[in-house]
């Protein structure tokens, strides 16, 4: 697949109030490198607070990175100004994580969806066109045309998220960053939205960066998956590879923790991680996962592992950052066994 | 309530309109200072009887003009200051030097003595000579404004709490709250009835009145007719006269007919009767009865709106722009009901066909209009002034208000100036007559003023105190004249 | 409905034995019947919860499953007696260990809140008071119901924090809610709910806001607490997988109505309501990537818009005329439909509700709840 | 916390200077005070002397430099009116105002909390309607008018209280009652509003689910949350009191800084005015810092440094 | 509401080619209408609105209707008590100390009062809130400097300002407006800044940024509409404050000056007749109180009515008596 978006060594540090250790610098992103191909869906998974949203926000230029480069079709959006910047803005859009906070409660749904056109006037110049398009978009995301007049309070979370998606679609973008787009949705709606996203991708060739903690969903939609932990990508690879043959212990733990719709009645074995995510203000030395890892050894505390290219049975590129990657042959069950 | 406080019967409590800024003796011609100080803490050499208008001995027992320009005073013996030092010619001379000849910038200097520097000499312990650069027939009257202080008083700085020879001494001044005077045992005269006098101040006249009603104060100064004090209020003629001063240099006031019309248009009777409940007197001149030079023969201008209208019309016919705006400048809160008065005057002058704009100003601004140099480019101004002649001699009024160069005068004529100069130098009955003529002449030929009324002050007085106010009570409230009612 | 006279003694004895007695496994702790909640809105009064019936058993988990807005939280709040002022409990019985909570005055109900019934809220972020330390909030239940002083309450709070697995409870007890992570906050909320060892724990979407690894931890904790205290747990969720893994029985709600209930394994293996079936099919599992998911078209009806007949009619693939005319009641399935009809004397006029379980369930103590569904064609679904 | 405090104090310094410079410049725009202090017939010579003596003939910048030089030596100049040290006059008047304002504020807050809570119990209930009506009326009555009516009723007609003055505790009643009304009226509405919204927060439901009764919910759970917005408003109102007790001080003869300020403005007593403004500005800045700290005390989320256990 | 009822029942049937033109008209009207209907539902708000309209009309056309009645003096007819039908309607509210009709003066004063209070509030609101919103949105030095400026104004003696303005310019309603507006700017500035600082970190603002919207556009579209109700409520409180401040200035002799007349001035001037002619200060006082209460009630209502999250509160049917009818008698 031709690469549309390339991220190289992206680092973002926040300055926050003092932590226990007196640190005020919070490295939310630490040398992130990723690529997204045209028409591809990249799944981004990871625990809460690991930096998924920060990555999304940085890509959307809502935050300025400290280091690293972003290249969109060869141009660096951070260098753009004026008209070019607007064009870029049109082509890259985002659906926000929180459907309650991302919609202005004082606007009605129609105005919210039409809002981008206030900046990009040329897209739908007449109000008639805009109205029609709003109705079309509402319909696309499974809402009633009459909903255009309602204010966000009158919608359920899922409906709000659909408004958010409709708003992102309003500019006909090439890349949509979806920050947990379905986690607030009901199953039936989730299916509709996933189908919708799928159709859009097929019709328009849009690329997605799909952030989610619902692994079932990610597995369904993503071509490739990147797993984040404390501001770093610790594993990337083709979806099946990563899901079925996780190489990083954290990925394995994540996969096993995800509940399965399995009505056989037998309780599955799973890796329940000890402890909490360490504070990103004071990340562990060496390998970041070592404090919760059952395979950790002395070296993990000393040396930060480099990303290794690992042999994948199906020949796709599989990267993991671990001193002691898991066995790929035994797959997930093997990993669970090794943890017990 | 009065009985509740034990010392009450021994104390007289006075409530004033404002706190004295200072008690400095040489500033005591300021109303708020003088009302506490004069004849209570400090005393003058000579004192003017407010009723008769005659000069009476105080610390000086006799005085006479020894030459045209020299006066000799005989001082009272056996008087000591409250700090124990004796009162003598040296102290008297010091007082005059300090107030009149020094760089201290005393208020009394400007007010009473003007530029003239006096030569003072203590001949012996009880004899003093004062020499004026020009003959001054009313020097003794001027001296009555000087409150005597001992030589220990600073000659270079003003003193907040001076020492005097009076029946009371300053006991305590709680800045912002009250001043307490206690009677002084070493006083040369009769011991006053009250052992202590307490002064407080409230700026709302209704509150001052309320303090009398509720028994929190025994004497309240400066009440308004609407304070509803009933029979606890005592009226007294306070020597103040209200008038409009007309700027005869500016159109349309530069036409005498317009100025006359203004005088005809004002319904003085109506104002006095309805605004001031008939307590004031309609005025025909700037000084009330009792002042040397008051012309008893003058009657107030009759209220005649038709006449006023026709005078205005005449002036207009002669090419005077009677529609030009006249600013009526009034100082807010200068005396009770001044805003009402201003509005009435504006209305009445408008009735006569004049274009009058009422301008209510605060004190400092008002002063810029009141004294020279007058503001430029203000057009025609009719300034409301309240003039009080504390001295009892018309010269104090006329020099200021009627000389064409007077500090508070817009306008005059050469003949008029000559009349005034002549009157100033005259003495006795001749002086009286000369000033009477001056007032008549101003009404006849000059018409710089539209007189309105001679005011009556109201003092609130609790039943427990015997006191009869007189025309000087507002400036000089003698506690020694107060006695407890049995 | 019992009269007041009958209730009084039962409440008295109950309160006495509240803390001490441990329920036996599978005893019915809570039985809800005909529960109906009205909301007064500016469009008129709407029924948000309609003739809901289910039962919860000691040591078991009942899952209330349903889409957003179908009335799950409302039901939970009605059970806990903490509805918004605009909501009225219109009808129904809430029998908690023999006491009808619905018939009590708000004041009397306070006595049950905590010792008998605990609730964990949907949103851990806002459910904790930001201006008090978690210790204060955790200890409050002890101060109210056991009359402990501040110090004792603090000790209990530390104990509780230990129980729910918060590290260093002695120092963290003085921290404020905003100083905890989402998972920790959720633990604190759970700790609060189980503080007084209630018979019934209602957990309203306790893990929706959390990610999978934390969710696994929380679920483990809930399981542990349930087993320790033989609590009956009502787990509210819209996550089928969680239901499948955690619950013993399930009640599926749709538009304020329970449309299907029964043991999880049976319901999921063999759904008897088209809605349940639709839900199960919309899970993206065992599907090719990018393949079209089977979704339920449309969206649930608005509350003021609920049609007269079957609540699911507008989205149902099997819809027939009868569905539009008549609301199906929740009736046992798995047995021939005709039998049930006779024995329950089902009314058809307004879809007058019929209790989910037969009268026998309470007295005899049938080990597993019977399956029930509210569909005219529950038998045909899987043949269709 | 200390670092924060230091930072706040340092950052208040510049505004203070700006305030003084502003007052200095503005005051001198109100004209030469000579005619106020000199006799009406004073000669031009006397006027010039006066102007020179008080340095008013210098360019404004020179005057200002002189003044600030003096301030650095803690010399705030002398009153034109009384000849006393300006700073001493301001310092003497300030406590009277502070006592009055502090007492008023404390009472207003307490009363408003009680009434506001009572009103919030049943939004739109009868208690709510009555209290909001009363509080709005309270906040909209001109204070001088109320003071005079108060004197009329309580001092004259009933004779319960002294009309004015500072003698004894009873003299405080009328001034405080007069000052109280507006802060009370405003605060009741703020407390009521924030109480109503606090009561609809989820944590209130949670508290109810723990068995907390209505009273406990109000006093333990909602009050503290509702107090924070009230605190901010109370701060602004207190600033108003420190700065604006003029009317009450004038009527009741209360020797406070407000009266001093208006007198020195009307009398063009520049040194006193500047000293008084500086003093009140310092007090207001201090008050703002206190309010912020109180806020942090009420709500841990806004504490400048999070204390990690 | 019927329309949405009908649409709701068959959402999926709505075809893709909609007819927007047809629908829009009546629905938009419906929105306006419902605000009005909402108003009618709240008795207090309705009465308040009526009072305010009445006051507004009075200020607008009243002075013209009164002619010279407000200035026509009659010293022989001073301080006549109100409610005496013998004096005729002009003197229904009595006469003042110069024998002018109280009624006429109240009417004329309403215009001055409003023309001081409204512009003062409006100017301060406009400047303060725009400035505050701007400062809060951009944070950083702009915020710091603005807050310090607010501190300066707050600790500045407004009386001095009043005297300066009155001295340098002449006493006029416009100057009073200027002073009152200037001194009240910080109130709005602070509130607007705080709210806007909070809002600028909201996700919906971020969303707008991702479209490439300019800060000013975002401020206009997202920040101001959210902050406005709070500021408007504040403004009504301030409306009351400004009327009072104006009367306090009159009391101190540096406010509106006769022959202009405002309610505040009337109260101030009437205070000395409190014991002899109470109506001189009571009537204008009552006018101030009534106007502020009405403004406050309406503002409180409007705040809720324009807040979509709270709007439902207004429209609730009264709580009915809960009569629970069990569907079926439980067997004992």
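Letters are used for the chains, namely A, B, C, D and E, taken in the order the chains are written, and counting of residues starts over at 1 for each.
The rule is short, and it goes like this: contacts are C-beta pairs under 8 Å (C-beta built on N, C-alpha and C of every residue); 3 or more make two chains touch, one makes a residue touch a chain.
None of these values were measured; they are calculated from a predicted model.
K.L.:
Spell out the chains that contact subunit C while also contacting subunit E.
P.N.:
Touches both subunit C and subunit E: A, D.
K.L.:
Write down the chain pair with more C-beta contact pairs when B-E is set against C-D.
P.N.:
C-D
K.L.:
List the centre-to-centre spacing of subunit D and subunit E in whole Å, with centres computed as mean CA coordinates.
P.N.:
Distance between chain centres, rounded to whole Å: 24 Å.
K.L.:
From the C-alpha centre of subunit B to that of subunit C, how far is it in Å?
P.N.:
Going by mean C-alpha positions, subunit B sits 92 Å from subunit C.
K.L.:
Centre to centre, by mean C-alpha position, how many angstrom separate subunit B and subunit D?
P.N.:
39
K.L.:
For subunit A and subunit C, let me know how many angstrom lie between their CA-based centres, rounded off.
P.N.:
32
K.L.:
Can you pull out the residues of subunit E that are in contact with at least two other chains?
P.N.:
Residues 8, 11, 163, 167, 271, 274-275 of subunit E touch two or more partner chains.
K.L.:
Please set out, as single numbers or ranges, the residues of subunit D touching at least two other chains.
P.N.:
As it turns out, subunit D has residues touching two or more other chains at 30-31, 148, 152, 250, 266, 306, 308.
K.L.:
By the touch rule stated above, which residues of subunit B touch at least two different other chains?
P.N.:
Where subunit B meets two or more other chains at a single residue, that happens at 206, 362, 364-365.
K.L.:
Give the list of subunit B residues in touch with subunit E in this complex.
P.N.:
For this pair, the touching residues of subunit B are 205-206, 224, 226-228, 267, 270-271, 273-275, 332-333, 336-337, 339-340, 342-344, 346-347, 358-362, 364-365.
K.L.:
Mind pulling up the subunit E residues that touch subunit A in the complex?
P.N.:
3-4, 7-8, 11, 14, 16, 18, 20-21, 24, 27, 31, 202-204, 206-214, 217, 221-222, 225-226, 306-309
K.L.:
Residue numbers of subunit D touching subunit B in their complex, please.
P.N.:
Touch residues, subunit D against subunit B: 30-31, 33, 35-36, 38-43, 46, 49-50, 53, 81-84, 89, 92-93, 96, 148, 151-152, 155-156, 159, 162-166, 250-253, 255, 259-260, 266-268.
K.L.:
Using the touch definition up top, name the residues of subunit C that touch subunit A in the complex.
P.N.:
Those in contact with subunit A are residues 67-69, 167, 181-184, 210-217, 219-220, 238-242, 244-246, 264-265, 268-269, 278-280, 282-285, 287, 289-290, 292-299.
K.L.:
In their complex, what parts of subunit A are in touch with subunit E?
P.N.:
These residues of subunit A touch subunit E: 57, 60-62, 85-86, 89-90, 92-94, 96-98, 101-107, 115-116, 118-120, 128, 131-132, 135-136, 139, 144-146, 149, 151-154, 164, 167, 171.
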